[in-house]
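Presented sequentially are two complexes of chain A, the first with chain B as partner and the second with chain C.
What follows is the complex of A and B.
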């Protein structure tokens, strides 16, 4: 042991070599999962498509020469606006649905914490189901049900996002420290007053910050859900690739990246200022 | 907002402007979405829409069909079980590939590790960061549309598409863990004679790995939800079946696929919560 190099003794002391140490078990499980998933790839068909390499080369070449003709750029601007419009409308609707549900799910409106409140558990269950299904699946179902309306995109975005926002708002309301609330109660405030003057001011900046973060995600999602024919950026990327027009596809993809990088910068600038 | 941070008026200025800008966007978005309605033969908010939606729900349930709905047939369940299995394998492969990519690069993109390393370190840092931003900004579905041109059909193109996007997400999260970390163990190792590489491996990894595992499992929950979406275009698993059933108007099969989807999502959420307890 004494002849072992320094780092070995450090390692020994940090990671006690117990056989069933939980992290070791986790590592084993993850390694086994990777091996299992690799076995399920159909390796016999070869990794690459018959024309795969040629396609890859063509795509790479097209990345350097995106289609910058006026017609394509006009379409790009139009589809960026449409994507943003879906995201803003969808997120605002998600706030309207998610906030009250999150409030009920948090149980803070009841003085006993709502431990056995059936409405609370119903709200939690509803939120979990709303966020289980991906927005593109919702979009496809809505379009199949009622047709190609922008409202289909807005609803498809609003449903899963209200599930996510509701859960996060519920957690924020629960995480308010008890001290100030108790002070309000002992000064004679009702549960409603405690809510408006104790919890809301405490939660406001985090909720605002999280909403802007979700707006950023919503813009990404709006791109994706326009694939089903709703005419945003994703739709144009799909059409260009179906025509094998890689240069045109890259114009839209690069436009998408620029939009997302800008929105990310905006949203993180806001979050830095609000929650510091 | 003035009640929030009364002492920092210049900072609030930016936030104020942003909120106003967001509200302007919000109003014009609704004007656009609702105004579009007037160009249509019938509007969205109408009894006709409600009738169509109700008809669709009946189709999903298989009301009024002579044949037995797919979700009530055991043979259909066992046929789609194979697809659900493939979908699960696709999600695991995707998150593992993403994790490997992130493990290789996350230190190269951490500001506190790469800072002060001269020009080569600066260039590496910039390149690695750019690769994350690029991978992250392009959605999984777009990566999948590109991947189907390159890889053989099956779970591989979908897994690669999911892996590329999540490589960007996981690496950035892991780098943020390192950037927010206590660097004193590294300094201690350095001062006791360890080289730069060794100090990082033994000083940073033990601290960062548990958090990294937690993020990995959280992202797995997101990946399983997205796997069906990627399957729409990448010819694998439940997503492909969903797409085929939709195009062939086999709506009871759509219901069956959605049931499998919920089973997978809730199962993965439970599994991830269990494994996260091990990582702690």
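What follows is the complex of A and C.
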């Protein structure tokens, strides 16, 4: 290196931070920007909604007195069931589409890592397209195409979720450490055996807990999907809020929370048992 | 000869990692390659394992030329590996990790079934008893300490039952007390089952206590080759001193 003066000057420059790279100067600039923006807010006119506090108090009070009449509870059970059905069907379909796509996209099926494998790049492109569009947008599209049928909700959930699951699965498959796989090969295992005894066990528990997390997201998404008219919990929450019937709205929101908590309990019970 | 290297050289880019090495290890002997890091010990072991091919010269195990063997069942019957980082499948149970040593002998269907209902369990339990951790059989491999994980790797190679066992820095990741135990176990197991053992280590004194034969390696060449009690401090000094020449 001593014979190359060019590299020496580059090294010296890296050592000295320039003015805007210095942390203190940056902190000062950002703090000043924040102070300036706070001074420029018109605090008196319309930052806080005048009647908002009263409405908030009313909603909070309603939390203590959720509507537990038989009619509402019957609707709750029906809509919880429907929302769960959307979430489960959507996620199952997403797994069926996402797992194989993720596997191909990871490139682990090819001994060279699939650097130039056209199938791998096609799978990655497809996954990116699927998850680029939000489930709510898919729902509008499918409602426009097939009408207000449950299939529209299931497909709207399944498509973006398969894109997300596939992407995550692909990364999990790539992140498996090479050492243990080499050890299996040296014990005489074929590539298929290495896949099942090496990659799958490494990926399984993470993939499982991520899928359960996505199921949770799916329940919330299915709730929101019913705002576009597909029925379920969200529809009832929407109607109750429009009626200003906060007690009734809370019944359905508490139902939603209960569902999420139950799924969480179920998933951790299963995850604890997954050891081969 | 269990292991026969005949004038083997291997180059990585500009570096000559192994320079015209000939080495013969009779069946049942335990040999350790000692020397500074970068001496070529690991490359020598990889050449013996068939995972690296020599540029020139030949490697044979029990009379079989490795050049004609590709990784798989046949090679796994000849040579097994114990690595520094244990290389267990972290999420599988200890029992499944040990049984992985049988994968070369099992067909795909049998190995898949074994993930659900372990096959040839007595064999694995016997190996785990030998390495002293049979009570850990149903734990996840990742829950074990380093020393215990290396015992699992030894049990796996016992179940694989190759003619030659190669161990690359088998105790370098363990604390001294654990290293002593595990090394005693490894050489003991090899001795009583009549396996040929070739290991690499940089801790010479520890190595001298447990192996039949010490081979000093430096700059890709063999510097000395003798029994532990023949090794003199001068030989070690010249092996580890900073400037040196290949003989």
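One rule holds for everything that comes next: the second predicted complex is superposed on the first by the 202 of 276 C-alpha atoms of A that agree within 3 Å, B and C clash if a C-alpha of one lies under 4 Å from a C-alpha of the other, contacts with A are read in each partner's own complex, and residues count from 1 in each chain.
The rule we apply is simple: a contact is a pair of C-beta atoms (placed from the backbone, for glycine too) under 8 Å apart; a residue touches a chain by one contact, two chains touch by 3 or more.
None of these values were measured; they are calculated from a predicted model.
*Asks:* With both complexes superposed on chain A, which partner does A:265 reach: first (chain B), second (chain C), both or neither?
*Replies:* neither
*Asks:* Using the touch definition from the top, say if A:29 reaches chain B (first), chain C (second), both or neither.
*Replies:* In the superposed model, A:29 contacts chain B only, not chain C.
*Asks:* After superposition on the shared chain, which partner residues are touched by A:205: those of chain B (first), chain C (second), both, or neither?
*Replies:* both
*Asks:* In the superposed arrangement, which partner chain does A:186 touch: chain B (first), chain C (second), both, or neither?
*Replies:* The second partner, chain C, only.
*Asks:* Identify which of chain B and chain C touches the larger number of residues of chain A.
*Replies:* B
*Asks:* Between chain B (first) and chain C (second), which does A:59 come into contact with in this model arrangement: first, second, both, or neither?
*Replies:* First partner only.
*Asks:* Look at A:197 in the shared chain and tell me whether it touches chain B only, chain C only, both, or neither; answer first, second, both or neither.
*Replies:* A:197 sits against chain C, while chain B stays out of touch.
*Asks:* One more residue to check, A:140. First (chain B), second (chain C), both or neither?
*Replies:* A:140 contacts chain B only, not chain C.
*Asks:* What is the shared patch of chain A, the residues that chain B and chain C both contact?
*Replies:* In chain A, positions 201, 204-205 sit in both the chain B and chain C interfaces.
*Asks:* Note which residues of chain C are touching chain A in the complex, please.
*Replies:* 49, 51, 71-73, 75-77, 79-81, 83, 85, 87-93, 96, 100-106, 108, 111-112, 115, 140, 153, 156, 160
*Asks:* Going by the contact rule set out above, which residues of chain B touch chain A in the complex?
*Replies:* Listed in rising order, the residues are 3-4, 11-12, 14-15, 18, 22, 25-26, 28-30, 32-34, 36-37, 40, 44-45, 49, 52-53, 55-57, 85-86, 89-90, 92-93, 96, 133-134, 137-142, 145-146, 148-156, 159, 189, 192-194, 198, 202, 206, 209-210, 213, 225-226, 228-229, 232, 242, 246, 258, 261-262, 265-266, 275, 277-280.
*Asks:* Touching chain B in the complex: which residues of chain A?
*Replies:* Within the complex, chain A contacts chain B at residues 6-7, 10-11, 14-15, 22-23, 25-26, 29-30, 33-34, 36-38, 40-42, 45-49, 51-53, 55-56, 59, 81-82, 84-89, 92, 129, 132-134, 136-137, 140-141, 144-147, 149-151, 154, 201, 204-205, 212, 215, 220, 223-224, 227, 234, 237-238, 241, 253, 256-257, 260-261, 266, 269-270, 273-274.
*Asks:* Which positions of chain A touch chain C when the two form their complex?
*Replies:* 179-180, 182-190, 192-193, 196-198, 201-202, 204-205, 275-276
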